[in-house]
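A, B, C, D, E and F are the chain letters, set down in written order, and residue numbers restart from 1 in every chain.
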Amino acid sequence: MKEPFLFKLTWPEVGEYLKKNEIVLFPTGSTEQHGKHLAEDNDAFTALEISKRVAEKTGVLVAPVMPFGYSPHHMGFPGSITLSFETLVAVYKEVCRSLMKHGFKKIVIMNAHGGNQNAISETLRQLKEETGTTVYSLMVFPSSRGFGAKAVKETIETSGGHADELETSVVLYLGQRVLSEKAEKGVPPASLSDFLRKYTGEVSTARDFHEITVSGSLGDPTLASKEKGRKLVEAVVDEIAAFIEDLKKQ
Amino acid sequence: MKEPFLFKLTWPEVGEYLKKNEIVLFPTGSTEQHGKHLAEDNDAFTALEISKRVAEKTGVLVAPVMPFGYSPHHMGFPGSITLSFETLVAVYKEVCRSLMKHGFKKIVIMNAHGGNQNAISETLRQLKEETGTTVYSLMVFPSSRGFGAKAVKETIETSGGHADELETSVVLYLGQRVLSEKAEKGVPPASLSDFLRKYTGEVSTARDFHEITVSGSLGDPTLASKEKGRKLVEAVVDEIAAFIEDLKKQ
Amino acid sequence: MKEPFLFKLTWPEVGEYLKKNEIVLFPTGSTEQHGKHLAEDNDAFTALEISKRVAEKTGVLVAPVMPFGYSPHHMGFPGSITLSFETLVAVYKEVCRSLMKHGFKKIVIMNAHGGNQNAISETLRQLKEETGTTVYSLMVFPSSRGFGAKAVKETIETSGGHADELETSVVLYLGQRVLSEKAEKGVPPASLSDFLRKYTGEVSTARDFHEITVSGSLGDPTLASKEKGRKLVEAVVDEIAAFIEDLKKQ
Amino acid sequence: MKEPFLFKLTWPEVGEYLKKNEIVLFPTGSTEQHGKHLAEDNDAFTALEISKRVAEKTGVLVAPVMPFGYSPHHMGFPGSITLSFETLVAVYKEVCRSLMKHGFKKIVIMNAHGGNQNAISETLRQLKEETGTTVYSLMVFPSSRGFGAKAVKETIETSGGHADELETSVVLYLGQRVLSEKAEKGVPPASLSDFLRKYTGEVSTARDFHEITVSGSLGDPTLASKEKGRKLVEAVVDEIAAFIEDLKKQ
Amino acid sequence: MKEPFLFKLTWPEVGEYLKKNEIVLFPTGSTEQHGKHLAEDNDAFTALEISKRVAEKTGVLVAPVMPFGYSPHHMGFPGSITLSFETLVAVYKEVCRSLMKHGFKKIVIMNAHGGNQNAISETLRQLKEETGTTVYSLMVFPSSRGFGAKAVKETIETSGGHADELETSVVLYLGQRVLSEKAEKGVPPASLSDFLRKYTGEVSTARDFHEITVSGSLGDPTLASKEKGRKLVEAVVDEIAAFIEDLKKQ
Amino acid sequence: MKEPFLFKLTWPEVGEYLKKNEIVLFPTGSTEQHGKHLAEDNDAFTALEISKRVAEKTGVLVAPVMPFGYSPHHMGFPGSITLSFETLVAVYKEVCRSLMKHGFKKIVIMNAHGGNQNAISETLRQLKEETGTTVYSLMVFPSSRGFGAKAVKETIETSGGHADELETSVVLYLGQRVLSEKAEKGVPPASLSDFLRKYTGEVSTARDFHEITVSGSLGDPTLASKEKGRKLVEAVVDEIAAFIEDLKKQ
């Protein structure tokens, strides 16, 4: 099997690839608390693992994963690391511009952290204005609104949002370090006011995770299983791979 | 009736208000194309009009509306004006900081333009980190996920997103300049590729409005009516006013 | 009468205008204390009102007024809002660049707040360097050194500088909310040192308004009248309109 | 005579000075064309020379002169150097903050270049907001509105503005390199339009010097004399020294 | 053996660690050409591998490696990625600040890329000014002026600087992907002028690697061996571990 | 002898020079403590004096010296002034860009302060990326690794680094204000920990000068002499002049 990682190639090998292909996957994650049972690099790990699987199916290259993301709302939990919005956009833009300089014309940002989405959205916009190039982004975690939607519907019993049934299942299958016995449902601290509860959905504030969950999870990770993860990962990898095949033809 | 607009008061009057109340509404809109039938200031107009109605019901003050927003995706249509993300966040932050300096401790950003949401979200986060103050934001347009959800369900027949049945109904009732005879359903230009159509939802790109709609509308504004607008506006104003009353007690 | 406000047009209407005309007026004001008798939006209000009158005489369009300006020196009075110099220049530049993008080649910044002048000056310079385009700016308030100089000489009895006889007369005529009975001459607080008084003119410092005037006025607004305002407004509108007619021919 | 230049002292000598005195003069100039007869460093030279004379009379110290200023409007003439507005403000602020750190509580910016005024004004404001310290600035060139006004009235026959009768007289006396035989009245190029001429005063644009003067002078330097310069310099030095003596007592 | 990677722990585990220890290693590398025989991630790989070995000996934690560095001089070779100086300093500062927030008081930047040194130096300075905290940095590659100096002297026959005998030996031992048969001595292209050659050392310019080496190497990687690498790695790991033990006692 | 200083010429004289020559020297120094015996402007003074001597030998022009540099590590001593890294790079870039605009294609930064090197290095890089122009920089102080290496070896008995035997000798000859009787060897304060001493060389931190030297000197200035300075200055001027002659031919 061919080496899927751009960063494990020598420069002449990258040069050879560019003669035939202009696609590159750029995985983006975060280093932040993922409940009492998942490692802090969970999003960076997943972004890279899914990207690798897609690359192996499609023959495209994967750039290094950006391990730090936008995580100010997780800073109440030890070990979380955050970049500012401005710095994160700068990193994304400069990595993409470097790739474009060598001739990668179709860059796909493979994102595993919801908190990065605004920064990625701003990156896509600025790169389009400045270079005229369309950059693509997608979520590597399956979701009901993205790739893997059908598998999510068939497999996942509970909703959540962070270090939950879905996310835990996916990384159990991908081989992440998981302390399953520590997994704990996300319940809000007693201090969460009725006022904030009442207007969730209608009113936005800069809410921190430690204000809304004691364990760090949102959802119920105790329902996760490796088998659920297998179904989800296979679905999402297949669907993203199909997109990459279509993208080759554009 | 008391003057609801902070900007129509003298400084001693503002000083008097601050002795008893610490809430202020800050309306944010945009100046951008709104189809062939709505004025370019539609979002700024709506943000100010809804804010005024809420203020009249609750006795709080309304700051000047910020007329320019984040609209790079509308620049393909004449008359649209856009600020950069960075500049818009700076404006929002500096207006809020000015208000805080005088003693307004509860600021509610009354937003009418979806495109501003990321900048507002970043503003709320930065203000919380820098000042410890929670700033609130909400959408003044009724939507199925925010204030006025029930009314939307009962009143609006079609989905859309921009200069559509919902938005047009609301501003017909609010007294905006509307060229109803020019209203036109949003249809994509022939040039929109099957590829982009296929992955809408799963894959994000920095898409411009002129790439996806000929008239500038997304949805069907021809179904709009003033009566629908009345129901929507009354619902959204009542619900936001109830939130403001709750906020007074926090 | 034709609609003078760009922001009340639809995009096809703006497109039509641009086929025949490349002038647009961009009013800039502030939200800041204006003594005990004038509303905080006095400069934004005036910028828009004068622009509208000039537009009606000349058939050109008026962009939305920028309601926030450079007012750090007024922050000692409740309700004043200020942007930083850097942010204000960014807003002015980005609005002008948006207008240029659609084909407005002759932009006239219609400013009503002296405190904005340095930011406007820097804007004009940067836009010239970056785009090669000459942008124009003028003061909408009549002054002895600008438009309306003759009318000022004939009408105004006292000098001032802020919320004074001249400014109050102008807005009385324009229909601003004025609490005439609250108008109060500007007198410095007892705390103003002889030292600072002595070197006014020769030595500059970052002086705040609350350090030099108790009421917030500089000058004597009690001498203002609507009739004085009428003469001033008519003069300044006529003279600016003449400039616009000349500009059309360039 | 004591060494007036801070930069010619050792650090223990500066330490000694600070035990008794907290005033420092910070000269600011520019490097830009000054007509066909004056050296490019004319403003930097004058700022330093006047500062030195004031320092010698009052016993205060002089910081190094900042030789580069805001001169984009002179870039049409060889040898002119300009900083951006933003960079210049940063330099001024960082020099003042460094001086404050050592205990200089009364900083007087001794400016010789009109083009720097906006940047200095912004510097004074930002330093006041950030540190609470009042920084002073004044023009070292005599003018009808500043120090030396009486001497200007009695000595100078023509008005101007740049490399003119006044400026040339001052530097003839101060010992600048002057090519008197090359001095040339400032006349506009044939290309200057009647339109721009007509609205000078009422309308601002970012005008470049090469658009309005062929020689680079504004005014008539041929009327300059060393004797006029002597009167002007003596007046301005005496008056600024009196201000410094007053400042010591604050 | 305990998990050395902070990013493979859960947040409660990081919290436990912080009760007893305040040291964290932050590895910084780059993604850039490393001759015809080494992978592009060579510096990121080495930074992480050496950090891991030091951590295993000393029981401290390792943060995620920053895979992108300052590499504009390598952009002439396919696959190289560079951040700007400003962005890189921002990333380093924000990661360190995040770690400090959780209680890591002794941060050691473990750098493997010479090109990052200026950015790290600026980071250390800014963090000291802003937080009062001393951050440490060191090179993980052995060098004659740093850790491992004795081993370098005893083991390495040729000098170089990039993808050379030393660097290749180290990563052969660490298990990097190495295409030994492609290793090629660094020779300058024929186009390198005698002028630039002559003043190397005395005169600095922004020289690019493709201007001075055809293969991308500086030095002679053909002399590298795994055994040399073993000696170097063991020496450098031991010496850095001794430093960490000393640091624990400070 | 021709005037070597660009800033003492009129603009027509600079224009004449540019018809035949495209080289300009840009001296960069600092204002910072230089031990108990040297003036604070020592680096600015030296940069200008060496540049002048080189210019006189080669007929090229010298721009004004930038008197402020990067000196945060000297701020513990009265009179030191520092710019931030970012501001200093901006100044260097903008001065170079101004010079380029007039046709100076070969700019040589003549630096006298080691602390400026990182900022200069970043300046050279950014100017190359943005303009394609190679800018040169060199140290005007002789050193064992730069110009004057042989003379250093033959003349200087002790090593140092700041306000030492070498630096003091050079400026004694150049005519700087030197309080020779105050010269004092650099010894560290009692407070310097063994830990920091031990890892100097291997580990970097943001160390301040007042943490490592009581007098402000590093090295032994008591061994300095004017005669040593003469040999050093003559050597370094000759060698730099030879480089400039070579540069003319490129």
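One rule holds in what follows: a contact is a pair of C-beta atoms (placed from the backbone, for glycine too) under 8 Å apart; a residue touches a chain by one contact, two chains touch by 3 or more.
Remember, it's a predicted structure, so these values are computed and weren't measured experimentally.
Chains that touch both subunit D and subunit F: there are none. A count of contacting C-beta pairs for A-E and for C-D identifies A-E as the more extensively joined pair.
Each chain's centre was taken as the mean of its CA atoms, and the one lying most distant from subunit C is E. Spacing of subunit C relative to subunit E, judged by their CA centroids, is 57 angstrom. Computed from the mean C-alpha positions, the centre of subunit A lies at a distance of 30 Å from the centre of subunit B.
Look at where the CA atoms of subunit E average out and do the same for subunit F: the two points lie 30 Å apart. In subunit F, the residues that touch at least two other chains are 86.
Taken as a graph of touching chains, this assembly is arranged as a ring, one closed cycle with exactly two partners per chain. Beginning with subunit B and heading toward subunit C, the contact ring passes through the chains as B, C, D, F, E, A. Taken in their complex, subunit D has these residues touching subunit F: 3, 5-12, 14-15, 18, 31, 33-41, 44, 63-68, 75, 77-84, 86-87, 90-91, 94-95, 98-99, 101-103, 177, 179, 182, 216. Every residue of subunit E that touches subunit F in the complex is listed here, in rising order: 72-73, 85-86, 118, 120-122, 124-125, 127-129, 134-138, 145-147, 193, 195, 198-199, 201-206, 239, 243, 246-247, 250.
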